[in-house]
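First chain written, first letter: the chains are A, B, C and D, and each begins at residue 1.
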């Protein structure tokens, strides 16, 4: 994985499968002088669907050619009814965080971001509790406190949406946000909202998963990062992590050990998303490279 | 973990907790000259229950003293309303296997047994299909084929039970036996039947767990070994194993990768059981040492 | 990963990197009607080297076209100074096993092969000890016992080579063969000999790795599968596995637990090799897909 | 693992093995009314050495009895030539951190401490670079910057020692401190200095372990926490963690992924140390419970 650069362009492509498709796409790229650094192509044979992620080095390509190259790719995509996405590697997702009281995921992500691990632009942190403001200020990210009560819930989410828009947020990360999003917000940010669920889904859906895990006496606990859909805890799974536990671990031990899973699973999901490696096919993810 | 020996005795003890209990027990052992090699004691504070597993070296103890020692321990246990179990380390569980068509777990266990990894005595293999006979004959374990159809199911299980008794089986291992045991058999061999379920329970209970896992798009698959209770797939969990999977793995890949989890989780459970390390407390296991 | 089929062809390509290369290759494939099922391309930017593995579905391609397609690919490869390899997916490596006394790896591989996990053709098992003959006969693979003593070592390896040739062996698996191969044999089967070393290389090179691990008090033990080169334990690493261990594990416990690592690391390496997924670049492996 | 409390006392004991030892110890505890919550006893049979860790609930014990109990235990320990340690569970190690430029381990530990995961008292952070001061100030721990150059190295370490003493530090954590400690300091804080080495020891000792790992092409990278001895990277290993890596990971990816191992291995080691679970026997650790 090379350092982010505007000389490198990432193209993702998803369309019905067809003989000669990769040849057509790579011929266009070659014609304008693009050099392929990493290509991963996968055909879902059952669905006869073609998925492609390519990193193109444009070092040798004049600016004018880059425009032509991308135009040609768009034309080709239209012809093949493909969903295509083209972006410079150094254009990062503009992230808005929704959080509550628990800061371990938020601070972990921001530490990784600060150290250069995560190619994202944190734009704003919105919380229904005031207590993570110190993390926000430490990392110099704007913090907005909006209390949510049952009565004003709908209104609040409209305000949240308005704030997200005003910060040009294109990707939402629920870093232990203990509220259920309204369906209309899930629809607006379809495949753009990443959640961390503190269990090894589909085990222990819903609330209090560590209590459920403790009562069931499992020997491994886990965490699951997934895209958010209107169906609670049913969105496409991106990454899962587990850790071994024992009878002598209390519920609070499970919570403590689970946090390590949560941090790893969420930060990995954000990295994959930010590198445009994730495709969604029905209710599953296809992840090209890692 | 020392080599099995008749000079070493394993004592397990489970009773209500009480001040001075470990002192009373170890004083009896010391009085007769037993040397403690490994002691693990755990108190479930919520249930105020005391669990103990001790390995006692009797090298220095005359045969007559050993009898007296054990008698004294039994008297003490009675006084404290304890479930106690005392056995020579070289007395092994007499195991009966119930299997169907899939041989990977059976052969894995028998290979481990042959190489000295598992302290068990395989007595008999009973199957509702004939095709694992060659494994049985390779390891020189008696093989009994009893076809099971819906109509004669109840009758068959009575025959199975009669066979198990005639081989003095005290521990049943379901090594991918695709039949549900009748409740009366679960009751007779309570806490003595170990099953391997081919999923990361409680995810994907019931049949076809790999199909369920494939459809849900999980990123880790697993297997769970547990004691069998009348409630299907709800018995106390002994061990769980997982492996990472991806979108490009087909259902048959999940089955292939899952087999490695099944073999590891089942053989580990058998080892823990055969070494008297597992206690059952409500619907959970407490495992002392490993 | 689709079922092995003669309708599917696997092409691997390794050459200096160049703009337009993937386009040229895929254009040839498209021209003759080949459909790409899985393409993984990786450019080592430091070495400016281009690596490609492609699975091509030839369902729609007439037999005569297949010949033309492959000819055209060979011509293209020559033009680009590429190492190319083309084979039907159902053509399997012809494997010769070299073993000594320990049977756990050999039997594990043969069980996986028998159950359809490993796309290999086991041709012959050669051992310097007689005691694994029963495994060979169980799986109906020819077994040759050739005692090796210091004095006749060189002579013996010539006999071994002659036997391997007579069985048309193209891939050698050292399944716990405790002898060092002569350099000339390493050269003849360059990148075609897979060994399992019972440590987490480069820790604990040489003999008695479990003893070394025990003395050092490590908390994880491992195993490493690698290609064999004349430099002992220095060949390109294919796969590594680890397991957690503790102070109470004796050296014989480490050996027991290590075996599970050995089996997993070796069988995975064989699978990757047999699917033509491994490229060797200097002293490292590049593995496309998994 | 119960919440830290002054009602709970932790006793560790290490002495030559002897028949009746556990009975003698537990009788003393019972005599004064102490209730055992968790007892782990392990005998190293090769060395005939007896190791014990016990958690004693003193809820029912009057203050005066507690003094008598501990006195009696000390007398018993003297009689058996035992190293004994007795402390209230809520007395925590007073920790001094030595760091350089890399802040990921330091901040991870302080986050865990702040959230209640780690029972330590951070007293002071000493660094040879100024750039982690913001972490220190965020967590309100004193920060001292002492530049170290070759010429004044010896003098500097005397200053460091003097600072550590003035803060009553009893445990030193090297959280990526890139300097070698002088032998006299290792001796003063024998078995009280914990280091994190950024490789899977004993692989890749010395400097630049990630570069070494990259060049060797390993498939798993790791980190090792260990006690510091005058022999560089040779002290008793406490904990090790690994993560899977691939050919496409650059050296900077290995560094990134390795950090997760470092954080997990170091924080686990600190927890075990702070809970008095680690015994050192020759050059190895014995860890009772976890």
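The rule we apply is simple: contacts are C-beta pairs under 8 Å (C-beta built on N, C-alpha and C of every residue); 3 or more make two chains touch, one makes a residue touch a chain.
Quantities reported herein were computed from a predicted structural model and do not represent experimental measurements.
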Next on the checklist: If you average the CA coordinates per chain, which chain's centre is most distant from that of chain A?
Outcome noted: B
Checklist outcome for this item: Chain centres from averaged Cα atoms put chain B and chain D apart, in whole Å, by 36
Checklist entry - Where in chain B do residues touch two or more other chains at once? => result 2, 38, 42, 246, 248
Next on the checklist: Which label fits the chain touch graph of this model best, line, ring, star, complete or other?
Outcome noted: complete
Checklist entry - Which chain C residues qualify as touching chain B in the complex? => result 1-2, 38, 103-104, 107-108, 111, 115, 117, 134, 138, 246, 248-250, 253, 256, 259-260, 264, 289-290
Checklist entry - Can you name the residues of chain D that touch chain C in the complex? => result 42, 200-204, 216-220, 222, 236-240, 242, 246-248, 281, 283-287
Next on the checklist: Could you list, by residue number, the parts of chain D that touch chain B in their complex?
Outcome noted: 2, 17, 19-24, 26-27, 29-30, 33-43, 45, 60
